[in-house]
Amino acid sequence: MIQAALATGLVGLSAWAVATFPRSVVVFLLFQGSLLFVYLARIPRWLRTALLALALLVLMPVLGHFNGYYLEIATQVGIFVALALGLNIVVGLAGLLDLGYVAFFAVGAYSWAIFGSPHANIMFGGGFPLAPGWFYAFLLVGLLLGAGTGVLLGLPVLRLRGDYLAIVTLGFGEVIRVLANNLDKPVNITNGPKGITPISRPPVPFDVPYAEAFYFLVLLIVVVVVLVNRRLEDSHVGRAWEAIREDELAAQAMGVPLVRSKLLAFGCGASFAGIMGVVFSAKQVFINPESFTFLESIGVLAMVILGGMGSIPGAVVGATVVTVLNLQVLKGFSLWLNELKNAGVVVLGYNLADLPTQLEPAKYERMIFGAILVLMMIFRPQGILPVRRRARELGTP
Amino acid sequence: MDLPLLVGIFPQVFLDGLILGFMYALIALGYTMVYGVLEFINFAHSEIFIVGAFVGVEILLGMRAAGWLEALPWPLVLLLILVAGMAGAGLLAVSVERIAYRPLRGAPRLIPLISAIGVSFFLQDLIRLVESIWRNAFNLVYPTMDALNHRFELTETIDVSVKSLVVIAAALAMLWALHALVNRTKIGTAIRAVAEDQAAASLMGIDVNRIISLTFLIGGAMGGAAGVLFGVQYGLINPYSGFIPGLKAFTAAVLGGIGNIPGAMIGGVVLGLLEAFAASYLSLLTGGAFGAEYKDIFAFSVLILILIFRPKGLLGEIVRERA
Amino acid sequence: MNRYLVRLALVFAVTVGLAALLPASSLEAQASKGTIKIATQSPLSGGQAALGEGIKLGAQLAIEKFRGGLEKRGFKVELVPFDDQAKPDVGVANAKNIIADKDIMVVVGHLNSGVAIPSSEVYKEVNLAMVSPANTNPVITDRGYPNVFRICGRDDVQGVVGAEFAKGTMKVKSAYVIHDKTAYGQGVAEFFKADAEKKGIKILGFEGTEEKSNFDPIITPIKAKNPDLIYFGGIYEQAGPFFKQAREKGVKSKFLGPDGLDSSDLVRIAGKAVVGMYYTSVAGPVSVYPQAKQFAEEYKKKFGKNPEPFAAQAYDSAAIAIKALEAVTKTGKAPTRDAVTAAIRDVRHTGITGTVEFDAKGDPKKALYFVLQVAGENPEKWSDNKEVKRLSIAAPPVKK
Amino acid sequence: MSALFEARGITKRFGGLTALHAVDFALDAGIASIIGPNGAGKTTLFNVFTGLYRAEEGGVTFRGQPLLGLRPDQITALGICRTFQNIRLFGNMTAIENVLVGMHARVRLGLRDVLARGPRFHASEGALMARASALLERVGLLPQANEVARNLPYGDQRRLELARALASEPALLLLDEPTAGMTRGEAGALMGLLRALVADLGLAVVLIEHNMRVVMGVSDRVTVLDHGEKISEGAPHEVQADPRVIEAYLGTRHSGAPRRRLAER
């Protein structure tokens, strides 16, 4: 009861605070924190669902209206949540270390980029870009392409384990990026480093502004992805994946077909990335190979592990934390220091305005992120929201 | 197609590949030794490697400022920076292990990997911070030593510089020394024992923590030496330039069979040769349709092929699953 | 779990209280008429940080130097540097943050066209002006957005200038083209190649590489083919080691490159290998523009190092922004983004990279291009590099 | 009519070592034991039976169907399941989840059923749960159903492995040293359970055992391996009396020379 009141109060209070101080990063973090609180608090299920739906469907867009930046953050968080959930299947559930995950994202992104822009005319003569409505069809195309590429990568590496698998997937990721960077000749498929633009945006019903439209689209996809993830995890498919992670050989001896299960894991994981790639390319209007580097793969992996391997809420929280940390907290912090500096604030007798440019805080965001990763691993290696083995209702024997 | 040209540059490309390969081999040792003992990819090794290069360049720049660079004979200078680079990188590797990896021993395997990635990010910008304050620049250039740049022209298209020879000689010497250390000394026996079974080794009276530190020291030192040689050979370093060679060296270690010291060496040389040949020949052979930019694709494709047929690398044991 | 949650809630409550007391805005609004902010977006961390920082510092220098006029009118002028990490998604998030800050009137950036294109889509939403010091990709202005300007030349033009010089002045018969696989480097190199071929120069090879350290395998075929000229489309960080290693391996060809090579670090890295080589540039040589010399000295004095390639352009970009802001605030009223964007279109500014005026697309109207020759091995004497040739070429119309 | 399970002339080599040499083995029903000194090739034989190893020579048939060349999961689907000498449970999964994985081969659901969560899915999942619970009850682990396998005591882990193997509804069960490390009482209870299972389910069982008390007590037939060769076969008392068996166990032939260790963990 107390918790229910507390949860409702927190969501309301923080939402009010964001509306009142639309530029304060701290306040927005509080809003995000209140959602986590709602998720964790012991409140009736209907209340939790209602509060989360209220926050994500109503409050977030309204707040986004006050500050478009928040909506952008929320959209990017959504994109990374889907990626993290996809990778979570491969790494967290099936235990296959994939260091080239962003390749599938790239495949999806390029599929719409090429056909949703005039670029395809170079190859096929004319008739492009496709009508913006095709975007929705390409969500499916991206999904299938992602899955197909995932299976394709899975095939040669089935026999490989652990770090051998890691290096091959890493290589695969690089191959895709280098191909994207170089396939502007002999045939111009990807336009190389110059990238592809302008990529059509989908038609939106009711003239919803694009920022809100993309937010809702991403939210919808994330909800679907979470649902699919939960259904897979809680079925013979998910149990087979986990068995493979625990002991591949014993799993096979118990009747789990390794090849099929592993390919299914690669395919499912990759399909989420493929579909989000399509959304990403339309949202950005422009893509080039710089968005698909090895570091992006590492970033998604860090989200999965930071959140708690194999845990769906973990992947969601991990993706949120990393994205918010990178785009908001560290940035907000360095902007704040910059403001102090511009205002000439004096700390311990030292005027911040004299701070040499070498110590510009904006330059050290990555360093702080690195340190946070290390500290998190040392003090909470199981992740933020680790898997809780669910006690099952036993059947009547 | 210009056949005499293709044939004419062959020895030169081979030599280029060999030098690059030895460089990879030296870095790969750091990965492979740590992997052999702890079964974990020390992702931060590429930064440890580049720290070696930075220690070397700082000493060289300091010596040049003091006017010693010209006064001392070059082999002495080289030896000095090699030793300093090795010491610096080795000590850094040990402290990284102590701070960021030791508390995680026994955790699931991916946990230290993420920690290592964190260390890698941290170190890159830490080097930059330190160098920015100290020199107000973080792109540092190795001072040229003219004696090292002397070239022997063998034919019109082929030549060898003194520094290339130095790189090969130093790499071979260090690989030999490491091999001897691991296989012929008591410390080496202890390292191998810990690699085999930590618990059993500790029951035999081996201080496992000390041996693991030692492994990091040796691996780091090898990386540091590679860093110095890298700087001498290619000239320009910055805090981020360790990343790509590190990735390649890791690939080399896996190619050779990770955890296997001769494997790291062979993997390095194979990868170096592959890259060199791909970069030099792809464009010539395809008439410019594919060029040097495909060298990584080429190298990775060969890696994947090799791993399909030998899933544990070139020198790794052939997998036999035991029930 | 329960207690943990209650504790969590308490922490929240306390922070809400604190946050309400200390909103970020409490630091603002101290000046009498409000604050005008100029943002920079460029990579301040990661592999391209050196160039990105050059942009930030160039803009910073200009703002500190020229803000006096605005301050006299009662405005506080500030620089807000953003780190786009050379990543498009980060750039877009920053852009959203920028447009949410109503005090930001102009953005100076980016370094990478790949980040600039999607970010400028965001700026366009609120008609916020972006003045680009470094994005040479034709797409940037070919979209015809009213709020996008650049003061640097375009890839297509610089490549042509290089080819013109190679044929007309250097009189080379064959050339080998290397580029760095970035939109900038490859773009310049492709235009150089196309124009050089048109002019009758034989292209012996065209090669791109992301390699930063080891150029041996690329140099070997070059040496065997022995071209008269090597054109490097890219940035000095990569070109320096390349030229150095090429000379060390006995390559005797002449060198030529675009303005990415215009940095004293080029000689610091490559030493005598690059002495006597040529590069094209939009930034005027110090001998012609006294302000340029002054800029280099001030930059060096303030930041302790020589300006990076795009620092001068960033300096001019910020100076133009301030000029436009001054025009808008003549009446003493606070500026609006629409007004500033319109004012930039009318600015005519003689800065250190020449006189800049924008055409309808936002390209500089008649850009002046210079060919310079590296004078000596001493990085301190980079500004002694002499102008060899001067060309004036307008941006071409949009290709359809 | 051929036997339920029949292996003929199985030969398996590792490099230069011949781990199994022309071993014949057949079983129709009941409990058969395979015994022999360490390194005799018993586990290797199991690995050949279950498809983990591919024999160089010889053939295995199950209900008349040849098994050689099939994958382990296919063999399990046909109705042969095993346990491991060094328990190989899925350590981070709960006891009941372990058993559920064992039923994988019997699940008749497609990806569509899983994603749609229709009545078919719920019916199947409900049936699985009921059977898994029944199996756990059978081995006496129902109270620990939601414990993580890694945290179970040793004896419980052995029994859980048995339940997991039974979950695939095998007709033939291969048990690799099921009583290793158990007290005499525990071993006795387990054998009682085994005999009951054979009686109730009509299971055929092959045991690898070192504990002679267990072997002699429970087996219908005993096969003795030494150095990869079958040296004796027959009813327990016959084998016990076979001089070659005594020799092999006492090791007079090699007068105390250390045995080869091979593929034996």
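Letters A, B, C and D mark the chains in the order given here, with residues in each chain numbered from 1 onward.
As a working rule, contacts are C-beta pairs under 8 Å (C-beta built on N, C-alpha and C of every residue); 3 or more make two chains touch, one makes a residue touch a chain.
Keep in mind the model is a prediction, meaning the values are calculated, not measured.
S.K.: For the chain pair with the highest number of C-beta contact pairs, give its two chain identifiers.
M.R.: By number of C-beta pairs in contact, the leading chain pair is A-C.
S.K.: Return the chain whose centre of C-alpha atoms lies at maximal distance from the corresponding centre of chain D.
M.R.: Looking at centroid distances, C is the chain farthest away.
S.K.: So which chain ends up in the middle if you average the CA atoms?
M.R.: Central chain is A.
S.K.: Return the distance between the CA-based centres of chain A and chain C, expressed in whole Å.
M.R.: 31
S.K.: Please work out the Cα centroid separation of chain A and chain D, and write it as a whole number of Å.
M.R.: 45
S.K.: Between chain C and chain D, what distance separates the C-alpha centroids? Give it in angstrom.
M.R.: Distance between chain centres: 71 Å.
S.K.: How many angstrom between the C-alpha centroids of chain D and chain B?
M.R.: Centres of chain B and chain D (C-alpha means) sit 48 Å apart.
S.K.: Which positions in chain D are in touch with at least two other chains?
M.R.: Residues 50, 52, 84 of chain D touch two or more partner chains.
S.K.: Give the residues of chain A touching no fewer than two other chains, as numbers and ranges.
M.R.: If we look for residues of chain A contacting two or more partner chains, we find 178, 181-182, 249, 253, 363-364, 366-367.
S.K.: Can you tell me which residues of chain C touch two or more of the remaining chains?
M.R.: 45-46, 49, 181, 208, 210, 303
S.K.: If we count contacts the way the header does, which residues on chain C are in touch with chain A in the complex?
M.R.: Listed in rising order, the residues are 1-2, 5-6, 8-9, 12-13, 15-16, 18-20, 23-25, 27-28, 30, 44-46, 49, 53, 56-57, 60, 78-83, 85-90, 92-94, 96-97, 99-101, 112-115, 117-118, 121, 125, 137, 139, 143, 181-183, 186-187, 208, 210, 303.
S.K.: Okay, in this complex, where on chain A does chain C touch?
M.R.: Touching chain C: residues 2-3, 6, 10, 13-14, 17, 20-27, 30, 33-34, 37, 40-42, 67-69, 71-73, 76, 178, 181-182, 192-195, 197-198, 280, 284-288, 290-291, 326-327, 331, 334-336, 338-340, 342-343, 357, 360, 362-367 of chain A.
S.K.: Show which residues of chain B lie in contact with chain C when the two form their complex.
M.R.: The touching residues are 5, 8-9, 12-13, 16-17, 19-20, 125, 128, 136-139, 141, 144, 149, 151, 153, 157, 159, 161, 230, 233-236, 238, 240-241, 244-245, 275-280, 283-284, 288, 291-293, 295-296.
S.K.: Which residues of chain A touch chain B in their complex?
M.R.: 91, 97, 156-157, 159-164, 166-168, 170-172, 174-175, 178-179, 181-182, 185-186, 249, 253, 294, 298, 301-302, 305-306, 309, 356, 358-359, 363-364, 366-367, 369-374, 377-378, 381
S.K.: Which positions of chain B touch chain A when the two form their complex?
M.R.: On the chain B side, the touching residues are 35, 41, 99-100, 103-104, 107-112, 114-115, 117-126, 128-129, 132-133, 136, 247, 250-251, 254, 258, 289-290, 293-294, 296-297, 300-301, 303-304, 307-308, 311-313, 319, 321, 323.
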